[in-house]
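Here chain A shows up in two complexes: once beside chain B, once beside chain C.
Coming up: the complex of A and B.
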């Protein structure tokens, strides 16, 4: 039995591993190779090994600005997601109402509509002479959110929030309600019981869902393109722009790698925000 | 005046009554056990006392003051949960200190109290461990220390032994009882295990379907059960349903049984007989056939079928002067029992007093 175990494990891990290698690792390796090539207007891609694409990114302030905007939007969205999703998820996790599954469905419902279609909905709301503007017009002011950072943040938030609520809800449901009762029985007010007992226990899960939201925000494409407009730049649209419009595959590959590396770096750094004893 | 009083405590969930007008008087330093099958309302009662559930109606009066409307965090009750509910992110010492921190007790005083509590439950050497690094029995001791650290007005124990190994249970029961007596802690414990309850309680409260069936000391419940339910729940009495007249008892299917005592009136009745009070022999009050004979070590147990196939259990000592003779399956025997050991209940499940023993009983209950 003991002899066969490694074989069985290999058999179980095999299919998933080969899919990951074929579909993820190999293309990434190819992409990285491309990022070291040189771009030529006529020949498009010339095989060589150069760090020129990376140097270009780090020497031109324009790209720095794009990366900064991307991080800013993704981080703001992640923080807002926690702030807005937390109370909702907490109520959902602790409710004994028989409408609970209906409430859950309402949270998931936006996910039934593709994010592009939803963004078009936001466009109708935000546009000049759109719904919000018209309503504001009745009160003699104007609301012009279209093509602003705020619009992009709201749009991305609406995409990420349902994921946030779902993960946080299961985090809270994993925390025994008896702990809250125990804390209250020992003299803690409901809010102290939450912050002293539930919050530290939920923190690793909250971090994970914030990271999830951050990653989704870093890689957002449709929302910044549609709600941010032509002059608003984020990394994912920029990658596509270089790839598609400029046909600059090497630089586009380098941008993709920089985006990925930044996301990974910030994600792993965020781990240190959770005190060690709270880590799962 | 009683220390803690429950006054018609009722909890209604929709159409169902979790507890139905539970009233109880508890003296200071007493250990009361709420006993009953699952769903009888014992845990609901405990949780209402702790303040985790709001009563639909009724009052909880502690030291002469109604605390019914008080939130849990202002009730000063020390609750030990069935699963202990230790804070998994805090060390043993921090768990015990939690209630003191909530009271903003000074650090030095707090450390002293925590040390005292950990010493009390013999866990002073594990103060820095996390709960998950402890065994079940140790976790339970932390839970008790945490509850006692705040010097609670009442200690509430929710099935404290149910998560422990069978072999540990009796020891822990004894330890809790000694601790409770030593510190004169007013304690309410909930359990479904009647042996546990008998071993620990000053008084027991038997509950069923949200109602209190009987309140009394072990002996009251055992010797003078108030309802057939109590007779069966405490000590597993044999229950026979039928009717009684001056001539004796007749089961629903027609078997006649001579009663040891005499009872007033006639009509529908339930007869409760304790297995360990039934003697098997060649003469007796009713005849039966041995179905099964089991040697249990200290006792011998016989399953006896009456002529109408009603089954009774008879239990007796396996050795000593009063040893039960052993019978083989199929053998015919007679069952007999003393008058003081038979309990007769009327159609409304109220006990029917025995005429011939009324004088003796009066003497013994006043003794």
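Coming up: the complex of A and C.
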């Protein structure tokens, strides 16, 4: 039964709705308006309507490079996340161990520990004179992974992987185990049963998890800042840098919208990669 | 028995699988284990292997990060209270009433979860400055603004958890109470809310963790003197990596871990996160 918004519902939903309007919709609308303003070194922001901030982004190679790096890192991490997340999620979904809920908790725990805190461990490992470097020193070589793209990819992978495992695990839980048993009963090896029976059923879910990881990677802040160092640039740190160091609000507003639009565009494009019959 | 080709590929596949499992586990847990390890070094910085081990760094956390921890706690506690006050009614409203545009409204209320934090932080800061220019009220760099911003990101979780705890809720008890003369407010207070109790407790804990761990929004809204733990750890790491910051990291892991263990007693976490 559908009706117009009843008074009681308006009372229950009104306050929450006004918070989202005031703290999200209105700020984003103003942010977009500001992205059309002009930046001036002395007056900071001059009110006008221009697409200059957007054209600047697309005409200067430096910013192209930043966007390219961001997409590259996010996509690499998403692919690696699938490769490492699948076996873990499969094991977790099919285990009958009584420790299962503890294992689940161990996967969930990192999700709620900030990415800064979880990057500390990688910094210890990668830093100059850090653990890897010291161990390599015993063999007379040096390993300096700090401030490299590889370090950023490993750090972001580490942050995103628990999300991947958790979503994939629920995908696998949704697939009836008897299907695998039937395939094996008919003579398929376990790996064949997996690739021919489970995999096609899981594919839409795998795709969604990969997209989730990609989105997280596109918006990553702490890992590129801490593991990439000052000369490594990705989109989210660039938004903050333009705001904080250059005080160029119009341009940083434009950057935020370019980041959101690119993420949206690529994630909707990737939907076409999944064969139609497998789409969720 | 000779090794056939299928046996061999099966065996190779199994080894590859074990390798991937090991790598995955290492990718998730190695940094946390290393952080715990470093936090006990009896050294000023990373010297590997260390000369000795100590727990003294944990005692020094308050000296460097005490103020930031206090700010983070204040923000989290108030944000939790507000998000429960606004999120629970919204959850009840969404699950109880069927009206045109309900799906759209529900998507709208959960949308703060999908906008990147960096955009949210920048946008809120810009709005605050704009309002300041119009009204003269100081907002940017205030605790109030941080709390409001955190309300935005914690409330969707509260709504989500309340919706989940009401999906299998039987309306018959509510109807019975109403037909026996209970006012609508009385029905919510005496019937609906008690039924939602585990969901509400979980929502509160969740909201706390989400607020406590936020970094991206805080980046734009902190000011000298009002810095959250996440931001001060990030700033500290920009200059040094030492056992002290590792100890803070471990302390954070322990706090979040404890909250999650508590939460797990009220809701099935795997279900909620879907």
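Definition applied: the second predicted complex is superposed on the first by the 256 of 280 C-alpha atoms of A that agree within 3 Å, B and C clash if a C-alpha of one lies under 4 Å from a C-alpha of the other, contacts with A are read in each partner's own complex, and residues count from 1 in each chain.
The rule is short, and it goes like this: a contact is a pair of C-beta atoms (placed from the backbone, for glycine too) under 8 Å apart; a residue touches a chain by one contact, two chains touch by 3 or more.
Since the model is a prediction, treat every value here as computed from it, not as a measurement.
Contacts of A:37 after superposition on the shared chain: neither chain B nor chain C is touched. Once the two complexes are overlaid on the shared chain, A:221 sits against chain C while remaining clear of chain B.
Once the two complexes are laid over each other on the shared chain, residue contacts for A:181 go to chain B alone; chain C is not touched. When both complexes are overlaid on chain A, the residue A:53 reaches neither chain B nor chain C. Of the two partner chains placed by superposition, A:209 touches none, neither chain B nor chain C. When both complexes are overlaid on chain A, the residue A:118 reaches chain C alone and has no touch with chain B.
By the document's definition of touching, of the two partners only chain B reaches A:200; chain C does not. Chain A has more of its residues touched by C than by the other of chain B and chain C. In the superposed model, A:189 lies in contact with both chain B and chain C. Residues 189-190 of chain A contact both chain B in one complex and chain C in the other. Per the touch definition, chain A reaches chain B in the complex via residues 176, 178-179, 181-190, 192-193, 196-197, 200-201, 277-278.
By the touch criterion given at the top, residues 50-52, 71-79, 81, 83, 85-89, 98-99, 102-103, 146-147, 150 of chain B touch chain A in their complex.
By the touch criterion given at the top, residues 1-6, 8-9, 11-13, 15-17, 19-20, 23-24, 26-28, 30-31, 34, 83-88, 91, 101, 104-125, 127, 129-131, 134-135, 154, 157-158, 161-162, 165-167, 169-170, 189-191, 218-219, 221-222, 225-226, 236, 239-240, 243-244, 249, 252-253, 256-257, 259-260, 263 of chain A touch chain C in their complex.
The touching residues of chain C, counted against chain A in their complex, run 6, 9-10, 13, 17, 20-21, 23-25, 27-35, 37-38, 46-49, 86-87, 89-90, 92-94, 96-101, 105, 108-109, 111-112, 115-120, 122-127, 130, 148-149, 151-152, 155, 159, 184, 209-210, 213-216, 219-220, 230, 233-234, 237-238, 241, 245-246, 248-249, 252-253, 256-257, 259-261, 264, 269-270, 273-274.
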